[in-house]
Every structure is written in C-alpha cells, then in structure tokens.
Amino acid sequence: MKKKLSLLIFSGEYDKALAGLILANSAKELDMDVSMFFAFWGLLLLRDPTKNISEDKSTLEKLMGVMAPKGAEELPLSNMNFSGMGKKMLEAMMEKDDTPTLSNFLEGARKKGVKFYGCKLSMNVMGFKKEELIPELEIIEATDYLKDALESDIQLFI
Amino acid sequence: MKKKLSLLIFSGEYDKALAGLILANSAKELDMDVSMFFAFWGLLLLRDPTKNISEDKSTLEKLMGVMAPKGAEELPLSNMNFSGMGKKMLEAMMEKDDTPTLSNFLEGARKKGVKFYGCKLSMNVMGFKKEELIPELEIIEATDYLKDALESDIQLFI
Amino acid sequence: MKKKLSLLIFSGEYDKALAGLILANSAKELDMDVSMFFAFWGLLLLRDPTKNISEDKSTLEKLMGVMAPKGAEELPLSNMNFSGMGKKMLEAMMEKDDTPTLSNFLEGARKKGVKFYGCKLSMNVMGFKKEELIPELEIIEATDYLKDALESDIQLFI
C-alpha cells in the first residue's frame, strides 16, 4: 500500500502555503498519496482571482470576498512581510534561483493528483461559494478529514 | 483499541483555538480518544475570566496576568485581526450561520471527555496558577506529552 | 527499535523555536531519536551570530543577511512581542524561574545528538551559506525530509 501524507492547511500565508505545496509535490515524487485539507485562511490559496460572486452573500461575506487575498499570488508573508516589500524581496530571490512560484507549485500539485479538500464549516462561515475556488476542490467535514488523516502516515498542521 | 488524536495547542489565537477544538469535538464524534496539551500562549484559552490571582506572583507575572487575553472569547485572530474588527466580523459571520462560539466548542470538548493537559514549564514561566485555569486541567511535563503523543494515531502542533 | 520524533521547524520565532527545542530535548531524555528539519525562517535559529558572509551573494541576499535575526537570541516572539518588550519580559520571567534560555536548549539538543537538517531550497532562496550556520547542519531536500518523517512516530510542523 502506498504511503500517505495528510496536510491541514489552516494558514493563508504565502510562505506557509509554499511549504505545504513543496511537501505535497515532493511526496508525489516519492509516489505517495497526498491529501490537503484547507480550512479557514487556507481556503484563500484556492480562490480563483477571476471569480468573485456577490449574490447570495451577506454584507460581511461580500466584504470578506473583497478584503481577503484572492488566490496564491496575493497571499502575504507570515514573517518580515513589511507591507508586501518582504514578499517582493522573496519573490525576486526565488526568481533568481529559478525556484517555481507558489502558483507553479499549486499547478504541479493539481497535475500530480494531490487530493484537494475544503472545510465545509469554514466555507459557510467565510461565505465562499464552491464556484469561487479551484474546481476539483471537494467540500468535506472535519470528521471526514480525521478519517482521511487516520489512514495517513504523516499528518501536519500548517 | 480506540483511535487517538493528540493536539499540542501552542497558539493563543481565536481562530487556531477554534480549529483545535473543532477537531477535538469531531474526533469525539468518531469515538476517538482526544488529548489536548496546552503550552505557552495556548494556556490563555483556558483562563477563567473571573479569576486573576495576584498573590505569590512577581511584578512581571502580574503584568502578564493583566495584559494577556483572559479566556476563549478574548483571544485575537491570527490573521486580519485589524485591532479586533476582523474578529468581530468573524464572530458575526459565525453567528449568522449558527456556528457555535469558541466557548461553546470548549464546553463541548469538556463535556465529551477530551483530556486537558497544561505544560508545567509554561505555567511556571507565565506565572499562571492552577486555580486560574479550567479545573480539570492536569499539569504535566513535556516528556509526559511525548509519551501520550506516542500512543496517538494523529499528532498536530497548532 | 527506538521511537523517533520528527520536527519541521518553519517558524523563526523565539517562542516556537523554544517549544521545538524543549520537545527535542525531552524526547532525547526518553531515549528517542530526534530529527529537526529547518526550512525558511526556521534556519534563522541556526545562524552563527559571528558569521555573516557577503561574497557570492546577490544584493537581496546580502540585505536578507543583515535584516533577518542572527541566531537564537535575536528571534522575536510570535505573540505579544511589542517591538521586543514582550520578549524581554519573557526572558526575565524565564530567568527568574531558572529556565534555560533558547541558546541553552539549542546547545543541549546539539550535545544530546539531535540530528539537524537544513532545507536545500530554503538555503538557496535565502542565500545562506552552510558556513554561516551551525556546523553539524546537513543540507537535504524535501523528499529526504519526508523519508525521514515516514520513519518517525511523531511528526510536527512548528
């Protein structure tokens, strides 16, 4: 049976999402199964920047839709962000080394068959519609995450 | 034998505590055993807002007692807190969806028999007295946490 | 066979590094094997404050070398840092209880035979040279970390 990696992505920060996606891609290179469960701010990584639905949303949910980062490239750094300057610095340093961007790693994970799950409660609270996020995202409950994590060999909360 | 979830709650933030307690409650719904080990800022979640002992404390410990959040509802957000406005927003969004509050989830975990452990070293450093925190909290050392985590099927650091 | 603890240290914060190193030292007391894999900001903990190489570095990498904390004692707190005041407070509170400092715990972990691994991609992006960090650090890839984590009984992302 294949080994399995289970990642709970809670944080909505560029560098933490990068860490998660590098682990996901690396695990796939080792022919492992990979599940990523996105909860709370983690869902921001999966927003489609071209889609922002406002119908059927409360005023607060619309506000959340506008204020929160729209997808991978808009996420701030968890550290030394300096109003975005630190992030620009990191991006320049990554480019110099030909390190793929966060979007590249996300695309890689999607192509390699990483399973993407979204937390139902978080979706409800933040008011995100399934259509605003990447299409393969499957919405599940926390109990489903736990069952999947129980079948995994490594579980990390990022 | 029952499956077991081990959570090390390090962070003292509303949304991360919420994630931890939702997982704890969900694991109990699956009839799993659950241990939560609270260290550093994580202890703030367990403060009883009505108790703030000042005797037998150094000046710094008293200051910590006054400045640090007093229990579940005073914890800030880890992200988009905006001096508390983001948290009010989140609370309003949770209320609209009839999502229980952090205090509700904490109460649920206590009723369902989640085991609450506090880190002895953190208690000493921060100057918290056992009487200032929830009564069922058992104070243990990091080695005890590790022994308990070794018996668990999922271990997360939150 | 010995039980094993695997820590992925992503954060570059004093309190989180302290949590990681206390766990590492405690696991060694229990005669466990311990691997610490330092990625991104986590590498800052391992900087030798007396070494800051500037040759063979881009302008941005030099800037990173100057701006980012130099080793254990310069790391900020993750919470209530208050421009360093919170950290001074924590240090004073630790001293009063005769709690070892972060540097002491780091030294302890090194003496007890904890394995130190650094993330190759992070080293490249941040521009750190092996000579600027603690000498026993072994540079490995994310896939190597995963293989090591698969052999561990507890895996945490800090």
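Per-chain residue numbering starts at 1, and chain names A, B and C are given in the order in which the chains are listed.
In this text, contacts are C-beta pairs under 8 Å (C-beta built on N, C-alpha and C of every residue); 3 or more make two chains touch, one makes a residue touch a chain.
Note that this is a predicted model, so its numbers are computed, not measured.
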| item | value |
| --- | --- |
| Superposition of chain A upon chain B: rotation angle, C-alpha, nearest 5 degrees | 120 |
| Homomeric contact chain A-chain C: same or different residue positions, threshold half | different |
| Chain centre separation in whole Å, for chain C relative to chain A (CA means) | 25 |
| Two or more partner chains touched - positions in chain B | 155-157 |
| Chain B contact footprint on chain C (complex, rising order) | 3, 5, 15-16, 18-19, 22-23, 26-27, 29-30, 32, 78-80, 89-90, 92-94, 96-97, 99, 153-158 |
| Complex contacts: residues of chain A adjacent to chain B | 8, 10-13, 39-41, 58, 60-61, 63-64, 67-68, 121, 124-127, 141-143, 145-147, 149-150, 155-157 |
